[in-house]
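Okay, got some structures for you below.
Next come two complexes, and both contain chain A; in the first it sits with chain B, in the second with chain C.
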Partner chain A sequence: MDLPGLDAIVTLRSSVSQLAPSEAEELTAEERALDWWSLAAIAPAIIILLGFLFLFFYGVFQSLTDLRFGRPLVHFVGLSNYAVLIKTEDFWNSVRATFVYAGSAVLIEALFGLALAKLFATEVLLARLMRAVILLPLVLPPMSVALMWTTMMDPQNGIMNYLLSLAGVGRFAWISDPSTAMISLVLIDVWTYTPFFALIIFAGLQGINEEVREAARVNGAKGWASFLYIELPLIAPYILIAAVFRLIESLNQFDIIFGTTQGGPGNSTAVLSVRAYVTAFQNLAFGRGAALMVVNWILVLVATFAMVKLWRFVRNRVI
Partner chain B sequence: MPRTFAVFRGYSIKLARNALFCSTLFAGTVLAFQQAEADDVNWRQFEGTSIVWAYDIHPYADAVAAQLPEFERLTGIKVAPELYPDDAYWNKLTIQLSTKSPSWDVVGTGIQPAWDLAPGQLLEPLDGYLNDPKLTAPSYDYKDFFPALRNALTWKVKEGQIEPGSGHVWAIPHGFENIQLFYRKDILDKYGIKVPTTPPEMSDACAKLKAADPTITPLGVRGVRFWSSIHTAAISIAKSYGVHDFVLKDGHLDTGLDSPESITFHKDYVDMIKKCAAPSFANDNWYQVVDGISSGRTAMAIDSNMFGFWNDVAGKPASGKIAFAPPLHAPNDKNFESNIWIWSLAMNAASKKKGAAWLFIQWATSKQVELNGATAGKLVNSPRASTWTDEAWLEYAAKPEFNNFVDTFKAVQGRAELAFTARVGFAEAMNAWAVAMQKMVNGADVKATLTELASEIRSSM
Partner chain C sequence: MRPRRSLTSNCILNLLVAISALILTFPLVWIVMMSLKQQAQVMTWPPTFLFRPTLENFRVLFDIAEAGATSYGTIKVDFLTPITNSVVIALGSVVISLLAGVPAGYVLARRDIPLKEDIAFFILGFRFAPVLLVVMPLFSIFQTIGLYDTFFGMIWVYQVVTLPMIVWLSRSYIEDLPKDIEEAAAIDGAMPVQIVLHIVLPLLKPGLIGASLLIFLLAWHNFALGLILSSTKAPVTVALLKLLNPGVQFYPVMAAGLVVTMIVPVILIVIGQRHLERGLTFGAVK
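This part shows the complex of A and B:
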């Protein structure tokens, strides 16, 4: 049987097999030479990363001990710090407060940020002027923001109640009452971080090709429909990526809460990060404080994974 | 013309006052210098050293800081003060000492925080320095400090717990405070309000004040969720109700915060706070209490007596308007109780400049520096008996603008003592009490909250 093609295939296969090792050998030698340089270049990053990991795992280790300030001996207690925590009502109250704070702040900021970004995208003179001004809260140190708002929210002498009184609204307790403290803190967070959302979403809106809008208009889409069915799906990945960053930050928020209420009144705003700090550095129970920090870290991790998954899903749909 | 004359007269009075203050301070420092020179301790043995002294932002710190150039001239040691706001200072102190950082050499502390600091060997025992003739001048006279203060700062650590009464000296008293009720005489006189003596009387007085002027906060008290809000009004009044933070039960320490006496006290106290305190009670620290009384937005306050004194100093807006009374007591008890707080100087065990640090502590708590601080109207409650017999201080404190400060001090000091039980774990238990207090003021059931608090404290013992 004359099978010329077979010969050709055999020849081709053999030539590939003959060529492949020598080419691979050449690449490996080159790669080896490059590896040392690459390794040297990334070594500081690796060292820093290992340092961070060491500190993190040291924190995890501390959470498994009965480490207390002033006690010279430290014992390994396994998971008992966690077991003690989950049995207390205060712990679950802190988990709830953490999610309520972060969830409401991020949601409201996303909505306000979207509205502001849409406003910025217009050519209205005031909107153009506001673009720079609106970023001011973002550049203030969070602790200064906290102190400023504490003064403004003073129920007796604060300017907030004065402004409300001009509108005929009675005295509001703000951060001094457990029923209004959380709302007040969310308001401070919204005031501070809405510009972050506005900035990211505005960048997303600027990135939409004008031809897409034009095509929608040609097909009869009016302003609202064009926003809802064309712009919103296209900027959804931007909103979600901003939400990921803000969610991580809000779940860890410390400065604004500690600087205003310190977790009070009672335990109404005692989010996990504040409770961890108070337990470790005011109650001097470092072991239990470390356990709270680890729990907070797990919550941040889970929430972030969920958000990133959602972001990928939305991005794939858009693309 | 009369206006010009009045301005001139005001200027002259101010000038004369400043001249008098400067000459007193100068005479004092010269005396201190002469006294130091006469001592046989070599003040220049650590010349060229630099040390860091950390403290709360506080007039007591100002009193010492104003005299620092004299110390630097005397010893050749440079002192860098690091002063922080109250809450931040205590947190930073914990972190600095627990990490065994040598960056702070001398720190300001009170007895209660020192209970938590000493067992971890974070503070340097000072008796060795006190008893070393090469380091301590004979004229230092440690026994001149009030015995109650010396005893409170002396204890030994046994099996990780505090055993007061004997042992090492952990800090040197630098100024102390007793808890009093001080009030705006002008406001109470205007509305014909009698100075209350019990929480129910206070509640009634507050109702009258609110009815007369709704813009006035009747009573200023600390309410932050930190032990500092317990150690003033709450613990002093609670003690007169028979409340003890800890009691001995069958040879073991147990909390007494869920006792029947405690429930009675908390019901009265919470009712009083609801009727009298500012709506911002949960966020109020001593800064807000002092601001209220000095501005006249608050009529009365229960806190450290020196806050009233500082605002009575000539030239201050409230000068002469603040008078003093003992703290409130239980309705069925004739006697009041007053907690004390001792601002003290301690040495960081991790300091690398302990000799220089000790010379600074010794100088800052010396008779003359204490007296200079007192007569400057800053270091009000000197811990040294010699200050209280010194004509210069007594004459100054008896000025009419201070009203009944000296008399009330003497009356209260007779019953003033540390109201807390000496133990490691003070901060955790008392912080929990402060949080429970906020919950009760916000409407939580008193008995149930105290049961929960006691259980929390027991679980951490």
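This part shows the complex of A and C:
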């Protein structure tokens, strides 16, 4: 429990106490007395956010209606939007696409992020000079990233095909072909968000006490063994918390996919959020679109819950 | 101390860092180059790295009067309006979020109120809210009450992204401040409001500037809210997508648009790298 120098972990822990309600703090009756100043200060934020919470429930309600744009009478249809959805091939294709996209992106990003963090933690000359570069993809608007890669992945005269041809590989269709579109999107996501993992893992590596490494070395642990048995368990909670954040966002990813393929070609990249947008705002079937978003939200919830369970398991084992 | 490395391993590590940095920066360099090319140069194979740069594409983006007459044919773009929209919406969101969010962050960091952790959990949960599900009902509501395509409506709806972030960040920055000064002032009989205005806020200023940079960036990034809830007040990210006209691919003009949207974040990195790292990693990096 007493690992000195891990103040970054404290922040992570306080962030996680948000994910899981913490134990009730012991307060005396006096301290619990209502504090009008505090309530007045917190009220505006709460009121604004309660408005969004209401909208969220209203959206869930819409998924139970046959609402279409321009239809004057709206009927409550119960779960029939969902019942129709699960009978279609397209729906299951979207669920699969959502998981394939998020799962493979997060997995690859975690591996590359770990490598990148280890590399920059060596603190060789260039690593110290280039620190800010890691941040670069994260600060660009995802829509700009999507369009930037669309131009670079142009099958006719894109630079990516040129670089491949330098390596002796033939032309590649990238996002214009159903069989390669998903891989190309995952590549874009990996380029953009690997730095997120790298930054968090880097913080974890810096939190490891030098004495721990020293002790491992004195006891004869070689480089790889020291990494595998000393460092990796200590930074595993960091990797997992980064994975939780990224998993939530990539299951919800809309900008990058809408900006590049809009779900196509065919159905190959029609993740749930993109299909929901198309259903609601292009086919104007709001009820059906809301139902797709509710399914998306439930998947996010289930996946997050599983990841947080895993995170707690790893943390309890390590500390 | 770290183990001393041999010269070769040092060189290899430096080389690997250089390759990673190249992979991270090359797409941007390439887009900047493309934005300075002419349409014909973009369409050649193999792609050219040496060319005479032109600012023609940026002129097409901003010169509304002459936008029809380009060397590529007719293309009409008005990029200045979306940029103004984005700046207005992002600045407005930052101001509203600071006004509503910092007091909430202070209360969550320092005061004991009932259900504190539940409230904090509720607020952070919005960071991961399914934005499309919130926006879908808003589309018809906004049109009914006349908030569709207004700055007021956009700034309000952007709070779903920026407000939870500022509450979260200001709470974490306030928790970093030493508590003793506030307690001493309270013992001397200072009102809570006085303590916040005269003691906490001055200490918090650097943190708040950093947090503002970050939420400005988040607002600048946003695409889905503007796509659904605005048309003439659409932010720059939505305008970008319209530059990618299927059929006629004016890549250089779009590249110029991309460069414009990317300059702002790159400037923000230069101003506040540490703050952005902390915000973007939810406080893991201090």
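Structural remarks
Rule of thumb we're sticking to: the second predicted complex is superposed on the first by the 285 of 319 C-alpha atoms of A that agree within 3 Å, B and C clash if a C-alpha of one lies under 4 Å from a C-alpha of the other, contacts with A are read in each partner's own complex, and residues count from 1 in each chain.
Criterion: a residue touches a chain if its C-beta (ideal position, glycine included) is under 8 Å from a C-beta of that chain, and two chains touch if they have at least 3 such contacts.
Quick caveat, the model's predicted, so the values are computed rather than measured.
When both complexes are overlaid on chain A, the residue A:Val218 reaches neither chain B nor chain C. Once chain A of one complex is fitted onto chain A of the other, the partner contacts of A:Ala167 are absent, as it touches neither chain B nor chain C. Of the two partner chains placed by the overlay, only chain C lies in contact with A:Val60; chain B stays clear of it. Contact comparison for chain A: of chain B and chain C, C touches the greater number of residues.
Contacts of chain A with chain B, set against its contacts with chain C after fitting on chain A, overlap at residues 150, 154, 156-157, 281. Residues of chain A that touch chain B in their complex: 69-73, 84, 150, 154-157, 171, 173, 175-178, 260-267, 278, 281-285.
Only residues 1-3, 5, 10, 13-14, 16-18, 20-21, 23-25, 27-28, 30-31, 34, 42-47, 99-101, 103-104, 106-108, 111-114, 116-124, 126, 128-134, 136-141, 156, 159-160, 163-164, 167, 172, 175, 192-193, 217, 220-221, 223-224, 228, 237, 240-241, 243-244, 249, 251, 254-255, 258, 261-262, 265-266, 268-269, 273, 276-277, 280-286 of chain C touch chain A when the two sit together in their complex. The touching residues of chain B, counted against chain A in their complex, run 87, 90-91, 94-95, 98, 116-122, 160, 217, 224-226, 278-283, 297, 424-425, 427-428, 431-432, 435, 438-439, 441-442, 444, 459-460.
Within the complex formed with chain C, the chain A residues making contact are 7-8, 11-12, 14-15, 17-19, 21-22, 25, 27, 31-32, 34-35, 37-39, 41-42, 44-46, 48-49, 52, 55-56, 58-60, 62, 116, 119-120, 122-127, 130-144, 147-152, 154, 156-157, 159, 162, 165, 191, 195-196, 199-200, 202-204, 210, 217, 238, 241-242, 245, 248-249, 252, 254-255, 258-259, 273, 276-277, 280-281, 286, 289-290, 293-294, 296-297, 300, 304.
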